[in-house]
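One chain, chain A, links the two complexes that follow: it is found with chain B in the first and with chain C in the second.
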Partner chain A sequence: MSPRVVFPNKILPYLLLAPQLAITLVFFYWPASQALYQSMLREDPFGLSSKFVWFANFRKVLSDPNYLNSVHVTIVFSVATAAVAMSVALLLAVMADKVVRSRGLYRTLMIWPYAVAPAIAGMLWLFLFNPSIGSLAYGLRWLGISWDPLLNGSQAMVLVVAAASWKQISYNFLFFVAGLQAIPKTLIEAAAIDGAGEHKRFWTIVFPLLAPTTFFLLVVNTVYAFFDTFGIIHAVTGGGPGKATETLVYKVYNDGFVNLILGDSAAQSVILMAIVIALTAIQFRYVERKVHYG
Partner chain B sequence: MATVDLKDVRKVYPGGVEAVKGVSIAIPDKALCVLVGPSGCGKSTLLRMIAGLETISAGSCAIDGKVVNAIGPTERDIAMVFQNYALYPHMKVYDNMAYGLRNRGTPKDEIDRRVRSTAKTLELEHLLERRPRELSGGQRQRVAMGRAIVRNPKVFLFDEPLSNLDAKLRGQMRVEIKNLQRSLGVTSVYVTHDQLEAMTLADVLVVMNAGLVEQSGAPLDIYEKPASTFVASFIGAPPMNLLPLRSGQFEGAVTLPAVPGNAATLGFRPEDCEVRVEAGGIAADGALRLLARVEGVEPVGAESFLYCQAAGGRIVVRVPGRTELQAGDQLPVFARREKLHFFGSDGKRV
Partner chain C sequence: MKTVGFAAGVAATFTLLSSTSAFAVTEISWWHAMTGANNEVVEQLSKEFNESQSEYKVVPVFKGTYPETLNAGIAAFRAKQPPAIMQVFDAGTGTMMAAEGAIKPVAEILSMGGQAFDKSQYLPGIVAYYSKPDGTMLSFPYNSSSPILYYNKDIFQKAGLDADNPPKTWSEVWDAAKKIKSSGAAPCGFTSTWLTWIHTENFAAWNNYQWGTEENGIAGPNVELKINAEPFVKHFQALADLAKDGTFKYGGRTSEAKQIFLAGECGIFTESSGGLGDVVKSGMNYGTGMLPYDSEPQNTIPGGASLWVFAGKSDEEYKGVAAFFNFLSQTDIQARLHQVSGYLPVTLAAYEKTKADGFYDKNPAREIPIKQMLGKAPTENSKGVRLPNLPQVRDIMNEEYEKMLAGQQTAQQALDNAVERGNKAIQDALDN
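Our next item is the complex of A and B:
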């Protein structure tokens, strides 16, 4: 326990906190309350008047089959993206840990994709897998796969998941490498002497000891898949074909800014906010406790 | 149960650094062999080569008569206690001890029986459900020992296991390790830089320096007949007094017994000195006699150490009990002929 700092001046602590509070108020609480307010308004088709409708927008959104489809799409997309991004990153990190020569170069190269902007990453994958001009799409067709993400919803999903995970792998890789380095070498040696083969050592010693890192990345990746993948989806599929890759965030944008149904869009934002708060709270409350040890 | 034979073992690191430069040691069955030396002398590297954690660049390591150079640590049937204990932090004490047995496919009730009986021996029974972080340093040390014992291996390896404990606990654990090792009768190799630990634990003591064995043998033999100035100054606390000789002469000596012709250094232990305050007192025949000035006195209780300046260099003298001598006092120092050691110009005993 560190001793509590006591300020003799009564106003100074508030002054010191003021900039942080101001930023939070202006950039979080104000827009959030605006969203909450707007989610209870309904505009006429020409945007000339609006009416306070209480929770009618929420009722409408939650009974909309398109919205429920979007929930489903988001779950599939997020779980797949987090799973792929984390497992591939872990595999690469474990491999990188074994590299003896030019380890630094290997790691630097691994980090590069993180510097690519989401929209550009999306375009990259779009071009590579474009059914008519993509070089890798050509390869897939040569393998006998009828590759057409513009018409096939599942293939479109695979494409956005691949693009979204690819971008996140670097970030996860960095943390896994750091996490692996933090595991004392003697533990691995003790396990080897204790008769555990390499595979067994990984699953019984390394993986459990990586749990704090894995948990942290799980939170970050879920939030990433939920919110930061708009650019990729927008560039690669635009939510299509049909609504096969329309995630919740993308639908908020579509309904609000493309279709200009502001009330519905705001209601969706509020639901999204509630989901994120709940998700983070659950993760920190129940998962974190099990993975931290001294 | 097992012997350990090292034959001309060498370790060369990729950078070209030779950490171990050809070491041959034969450890008999059930013996406790202590490797002692200053840091960087290659003792830990040697231990890790026996464990299979480092590859052997040249030479051979045989456990129980079987060369194990090409065998990994998993198949060598050894157990190791690490300096930082290396307990698995996410496992309970019970699971820490059971881990090695589980990996080897021991039946469940057999594991339970062995873990519990080992825990009983080490008085760990009440800690089995705890995690390592909930234990004190001494308890962690015991768990690390337990994890090694429970497997019933051919060889125990100890890598400075007591260096993280406080002095009192260290003394206690030293006795316990010795008793345990003797009662279990498992061949052991023990690495330490603490000469006291080395002296008290070892059946076979190996003093290492710069990747080579300086001397090996029974601890008291080494103490009484150090093979080189390095061993003389490393074994014993405070270390042996070493004074340079110039062509068989020693300027500071009032009387000097017959010196071997090629001796370059004269040595005698602080505890082999006698002090006669009244000058010209009893001077035993053939004893060394020199004059020294006290620079500092360290009373330890049962004995006192006098730090003195003699003509040839600094010396330490041990006197029993308390002393009235003070800094600045002049006194004659005697050492009997049979307690003198002579070393050649290469540092080797003559």
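Our next item is the complex of A and C:
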């Protein structure tokens, strides 16, 4: 428990909080309440006629097989993205930790992709793997793989997962490097003296001690895969082929802004809001408790 | 005293006059979705109109892709800040038409400009597409196009096909595509942009098959799709069969396949007449032909976009919009637009002028879409396709076609699913 801070002035704390509160009210609570209200309306795109339908939109959305498909797609996509992004980042972090010379250069290079905007990252991978003009697609065909993410749903999924995890590896790398540095060298040296090999040292000492970091990254990566990958999917597949890469966020956009079914779209975004609140709650309840600062 | 008062009055009047003349220019905002060369045309036209008179000023604003522009307009209308003129793509036509309180029919506006609106001066196929069932023209056709056939003459020669005679019917296209593939002249025989607009909507109109009830939605919004009928199944099964060994290559839902054709991967290509510019630019030895048909051609339907006017503007603004549309309708402007940009001319006079100038002798490809659209008087199957949610229904079709081309279902299953899901989406949209 953190020590209790006492402010002698009664008004000052509220004044200091006011700007942040105002921003939260205007940019979060206001739009969120609008979404909540709209999720119970059924109206035409222009808002010329609207009727209040209570939870009919939610019933419609949850009984829609396409929505359930989208839930499935999101789970596959998020698990794959988080798994790939975290395992590759951990591997790279452990490797980078061992490098003695120009360690800083390697680290900087590793962090680079994080600065690339999602849509740009998407375009990059799209071009590399474009069946007609992509250089890497050419390599795949040369290997005898019939590469066609435009029609093959699994290949399209592989492509968006690759693009999404590539962008997230840097972030994970950064945290893993920090986590590795926080592990006392004495523990590892003691294990080495006792005759534990490199492999054994990693799995019995390093990996368990990294657990808080890993758990934190798991939550962050899931949230990332759920919400921040819209740009990549929009640029690479547009949710296709069929509905093979239509995640929940993409479906909100598609139903609201392409198909102009605002009620359904709002209902879906309210469901997503509930999911992100739940994820954040989990993070605070379990992660904050386990991470020891200093 | 009196003279002083008079002088002051005169001075005040002058000040007023000069200030009103400075403020009297009515600004007319025009939201559009044109990029590249087409954007330059928009800017050029606005500039010419603004210089031709001093009362109105058209201000073009680029708003993104077609769907983005439509969304921006809808959001602006909901915020009570709509532009005067908005460019809306063909598939958004039904959405706009359903929003009766939000728009002002162009026919009404044109007559506000002092000139009587004479519908017979405009190309009938295009006007019908943008009119209400009672014949009132609702939006101003700006850039119209229709699908045609392109082919690579070098690939045709290599494959031993007649490079001066492109295939006319679909079965000839399939044969030629197979020959291109089997002879090794190119890795793929045939590709196409827009399987929905070209192979479903235009395929139906051009062959005089029914796409949906209610004259494909032109007569009323309560449409039942009919695209799982035998001719459609046969057509799509042919595509699915050709896709198995790569004789037909799928590029994507909209214009992506153009890259495949321009890269020389495929010998035959169906695409909008508006795509001609890029084909010419690529320097390919190309040929063009009419869109292929099954046995007897009817007429094709337009794609592209039209200009819509929002309701709730001042009379002054509407007069300005009318002046601008009348400016756009002038024969010289239309003929130039048509010749430079490749859009179809909106007026018959512009078509006749271009013909008289001998433009088509040098550019036969430019006349193909006009001939296709003017060929025969439209039947109830070939006036166009209209739904309040056409983009959504097109997406449903695309999804089913993609599953079919990936070999997960037959053409019959794909079209049955598209009809079932499409009909449900149409009913849901009508309930809203």
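Throughout what follows, the second predicted complex is superposed on the first by the 270 of 294 C-alpha atoms of A that agree within 3 Å, B and C clash if a C-alpha of one lies under 4 Å from a C-alpha of the other, contacts with A are read in each partner's own complex, and residues count from 1 in each chain.
Heads up, the rule we're going with is that contacts are C-beta pairs under 8 Å (C-beta built on N, C-alpha and C of every residue); 3 or more make two chains touch, one makes a residue touch a chain.
Here the structure is a predicted model, which is why all the values come from computation and not from measurement.
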Touched partner set for A:259, first chain B, second chain C, both or neither: second
Touching partner for A:139 - first (chain B), second (chain C), both, neither: neither
Chain B versus chain C as contact partner of A:13, first or second or both or neither: neither
Contacts of A:187 with chain B and chain C, given as first, second, both or neither: first
Which superposed partner A:238 touches (first chain B, second chain C, both, neither): second
First, second, both or neither for A:43, with chain B first and chain C second: second
Complex contact set, residues of chain B against chain A: 51-53, 72-74, 76, 78-80, 82-84, 86, 88-90, 99-100, 103-104, 131, 133, 147, 151
Chain C partner contacts - residues on chain A that touch it in the complex: 42-48, 132-133, 150-153, 238, 240-243, 254, 257-261, 263
Complex interface listing, chain A residues touching chain B: 184, 186-187, 189-197, 200, 204-205, 208-209, 211, 293-294
Residue numbers on chain C that touch chain A, as the complex places them: 67, 71, 74, 77-78, 95, 98-102, 243, 250-253, 256, 259-260, 263, 265, 389, 391-392, 395, 398-400, 402-403, 405-406, 408, 428-429, 431-432
